[in-house]
C-alpha cells in the first residue's frame, strides 16, 4: 500500500489523540469525544447526501477505482521508456511483426493493446485515435471516482453543521438551567468536529491522492502511446528515447544518450 | 426510479429524525423543529430568488429534464455496443441500405437518427457535424436543468441566514427579559437549519445526480456517434467493437475479440 | 417584462414582510428594520466599490444591456427555424438574390446582416468569420454587463459586514450599560441583513437571469448563422430544417420532416 | 484619471465617515477607529505575505502597469476603426507602400508596428503570428499586474483575522476584570475592520478595474490586428469597416455603410 | 535567494512580534502564544493530511522543485534574446552546423538541447513537438510542486479549527468555574491562530511565488523554443529579434532594431 498514506494516517491519529488526552494523558477525555449519536447523524447524513448525489453503480465502480489507486503499484516511467526503446530495437532489427510475442502476460493492458495495434499494421491515425480516446476515458473514470470522495468531503462538514444546529436549538429551547449550557454546547459541537475531521483527515486527502495517482498513471499511458506511435513510424531507438525522456523530470532522465 | 436516491432519502430522513428525537425517542422534540413561518420565509425566499434568476420557460422545461433524469432508464453501454456491432454486420453483409428497418420504434431517437443519416448516404462530415452538435446542445440543456437546482441550493442557505438575522434583530431589540434569549435564538436558528438541510440534503445532491446522469447519457451518445461513423466508413464489425469498447471501463469490456 | 421576475419579486417581498411582521401582523416590527444610516452605509459603500471596479462607460452601457435583457422579447427559436427554412425555399426556387427584400424592417439586425452577406455573394468563410466574431463579441458584452451585477452582489454583503463591525466596535467601546447591548447589536446587524438581502434577492439573481437570457440569445444567433451558411451552400430546405432543429430540445422540435 | 474611480473613492469615504460619526456628527467616534498598531499589523502583514508571494521585479513592473491602467487614456475604438478604414483607402489608392509615413509619432506602438509589418511586405501568417503573440503576452502581463492586487485583497482580511485572534487571546488570557471585555474586543475587532475595508474598498476593486481596462485594451489591439490583416489582403475600405464594426456594440456602430 | 522573500519574512515577523508585545514591549505576552501542544496538533495534523494527499515520491521531488524555485537565478530574458540573435548571426554566416560548439557547458539544458536538435538537422515539426512537450511537462511538474504547498495551506487552518473545537468541547464540558472560561478559550483559539499564520504567512505565499516563478521560467523556455525554430528556418537575425522581443514588456524591449 501507498507508504505516505500509512505514515499520514498514523501521524494524524497520534496528534489527534495527543490533542485530546493532552500531555498528562488524561484518558477519560477520550470518552468526551465518543458520541455514537453524533457520529450517526454526521456520517449517516453524509452517506445519505452522497447516495442522492451519485448513481449506485458509480458508487461501487468508483470504490474499486479508489482501492486500486491505493494498492496498485504503478510501473516506473523510466522502466517503461526502457521497454519502449527495447521494442524499437526489436522492430528495427527484425521488423515490427517481431513484436508479436514481446509483451509479457502480466503487462499493462494498455501497453499490450498499443503494441498489438502496431503489429496488426493499423493505420497510425487510427492507433492514435484509439489510444488517446482510451486515455481520455480513463481520465474521465478517474475523475468520476474522485468526485465521490469530493462529495463525501463536502457533505460531512455540512451535516456536522446541521447536527450542531439541531443540538443548539434543542439546548436553547429549554434554557432553564444555566449550568447545562456548557455541556449542551459541547455536545452540539461534537458533530461539527466529526464533520471537520472526516472532511480534512479522510475524504478530502483521499481525493487529493487519487488526483495525484491519476496524473501519474495518465503520464505513463501517454509515454506508451507516444512510444508506440514512434516505433510504428520506424524511428530508430535513439530517437524513441529522445522523444520519451522529455516526459521525465531532468533529474531522473537516463543520462546515457 | 433511481435506487440510490431512494436509499439516500430514507437513510437521511432516518438519521435526521433520530438526531432530533434522540435515543430516548423524545417525540415532542420534533415539534420544536416544525415552524411553518420559518419554512415559508426560507423556502419562499429561495423560490423568489430562483424565479428572478431563471426564465419561466426554463424552470418548466428544466423540471422535465430533472424528472426524466431520475426516472428514465439509461440504456446499458455494453448493449449499445452490441447493437452497433450487429448493425455493422448487417451493413457489411447486405449493404448499408439494409439498416433501413433495423432500429426498433422504442429506440433512442438519437440512435434512430444516426442510423437514418447513414442509410440516407449523408456525407460523413455532415453526419459528424449534426450528431456532435446534437450532443453539444443536449449537454447545454442538461447544464441548464442543473443550474436550477444549483440556484435553489445557493439561495436556500442564504435565505436561512436572512431569516436568522431577522429573528436575532427582533429578539435583541426587545431584550427586556433574559429568560427569552434562549427560545428566541432557538427560533431564529431554525431558518438556518432549514436552509442547510434544503441545500445539503435536497438541492445540491439532486444537482450532483443530474451531473452524473448527464455524463452517462453523453457517453452513450458518443458511443452511438462513433459507431455510426465507423459503420458508415465500412469498418468491419471487429474494428467497430474495438473502437467502441474503449469507452467502457476495462472490467466491463466484452472479452470476446 | 419577464414574467418570472415579476413573480419572484412579489413572492420575495411578501415572504420578507411576513417574516418581519409575523403571523400576528405586528406592523411596528417593520420600523425596526428601516434604518436609513444602515442603508446608506451598506449600499453607498457597495456603489463606491462598484464605481472603483468598473469604468464609467461600462456602467452605463451595461445598464442598458441589462434593461434590454429584462424587457426585450427574444424571438422564438422554432419561428426562427421556420423563417430560415422559408428563406431556403425562396433561395432554391428563385435564386439567392431573391432574398434581397425578404427580411422585414423590424427583424433582428443580425439576421438581416447574415442574409445580406449571403445575397452579396460574400465568400462562405468570410460570412462565417464575420457572424461568429459578432456572436463572440456579443457574448463578451453580455458578460461585461453581468459582471456589474456580480460586483454589486459581491460588495453588498462585504459592506454589510463592514457596517456591522463599525456598529459592534462603537457599542463595545462604551459598554457601560449592559441593557444597551441588545439594541446596539440589533442595530449593528441591520447592515449585514441589508447586504444579504441586496445580494441574494436583487443583484445575484439579476446576474443569474442575465446569464440565462444571454445563453438563449446566443443560441438564436447560432441558429441564424448556421441557417445562413446552409442556405448559401445551396442546401435544400429539408436539410436546412434537419441541421437547425437539433438546436432545439426534442420536445419542441417540429415533427414534420 | 479614470472618472468612476474618483467618484467611487469620494462616495466610499463619505459613507464610511458618515457611518462612523453618525447623523449627530459625533467626531470623537473617529478616534475610536484610528489605531496605528492595528493598521501596522494588518497592512504590514499583508505586505509581508505579498512580498513572499510575488517576485520583487514583478511588484515594481506591475505597479507601473496598474498606474498606466488608471491614467492612460485608451483610444476610442470607433476612432481606431476610422483610422483603419482611412489606411485601407490610402492602400487601395496609392498602394500599401504609401502607408509608410501614415502613422503619427504619438500613435500606439502596436498600431505603428502592425502597419510597418504590412508596409514591409511581411507574409500574412507571420504578421498574424507576431501581432497575436504580442496581444497574448500583453494579456499575460496585465494578468500578472492584477494578481498583485488580488494577492493584497486576499491577505488583508487574512491578517485582519490574525490581528483579531491575537487581540482576543491576549484579552481572554487576563480576564480578571469583566469591564475590560468590551473595549478589549472592540480593539481586537479593529484589525478585522481594517482588513475588510482594505480588501473590499481598495484592493479588490482596483483588481476589478484592471480587468475591465485590460479587456478594453485587448479589444482595441484585436481591432488593429484584424484591420492590418484586412488592409494587407487588399480588402476594399467598405469591407474593412464591415469586418471591424462587429467589434463594437450595435449602438455605437457607425451607421454609414 | 529571492530578495522579496527575505524582505517579506522579515517584515512579517517584525509586525507579528510587534502585534504581540505591543508598543510597551510586554515581552511576557510572547509566552502566551507559545504553546507546543497546539503547534503539534495544528501542524502535525496538517502534515498528516498532506501525506495522505500526496504520494511520497512527489513530496520529495516537489520539495526539490520548490527549493530550486527560490534559489535558482533565472536567466534574464533580454540576455536570452541577445544569445538567440547571436546564434542566428552565426548560423547565417557560417551555416547552422557552426552552432555545434556555441553553447556553454553551464547553459540551460533546454537551450543546449534546442540548439543541438537544430544542428542535427531534425525536422522542424519534430523539434517543435519535442520542445513544446518538454515545456508542457515542465509546467505540469511545477504545478505538482505548487500543489503540495496549496495542500499545506488548505489543511493548516482546517486543523487549526479542529484544535479549537477540541479545546472548546473540553472546556465547555467541565464548565464548573466561570473564571476558567477566558483562559480556556484563549488556549483553544491558539490553534486557529497557528493555522491562520501558517496558511497566510507561509504556505499560501510560497505557492504564490512558485506560480510566478513558473510563469517566468516558462516564458524563457518559450522564447528559446521560438528562437530555435526561427534560426532553423533560416530567418535573418533582425527577424529573429523582432519575433522574440514581443515576449518582453515594451519598456524592456531592446530599442535597437
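Quick notes
Which chain is which? They are A, B, C, D and E, in the order written, and residues in each are numbered from 1.
Everything that follows uses one rule, which is that a contact is a pair of C-beta atoms (placed from the backbone, for glycine too) under 8 Å apart; a residue touches a chain by one contact, two chains touch by 3 or more.
Keep in mind it's a predicted model, so treat the numbers as computed, not measured.
Each step here moves to a touching chain, and the least such steps from chain B to chain C number 1. Steps from chain C to chain E, minimised over paths through touching chains, total 2.
Chains touching both chain B and chain D: C.
The two copies, chain C and chain D, are related by a rotation of 70°, based on C-alpha atoms and rounded to the nearest 5.
Annotation: 24 Å between the Cα-based centres of chain D and chain E. Separation between the centroids of chain A and chain C, computed from CA atoms only, is 40 Å. Residue ranges of chain E in contact with chain D, taken from their complex: 2-5, 7-9, 11-16, 18-20, 22-23, 29, 32-33, 179, 181-183, 185-186, 189-190, 192-193, 196-197, 199-201, 204-206, 208-209, 212-213, 215-216, 219, 242-243, 246-247, 249-251. Residues of chain D that touch chain E in their complex: 37, 40-41, 44-45, 47-56, 58-59, 61, 64, 109, 130, 133-134, 137, 140-141, 144, 147, 151, 155, 158-159, 161-163, 165-166, 168-175.
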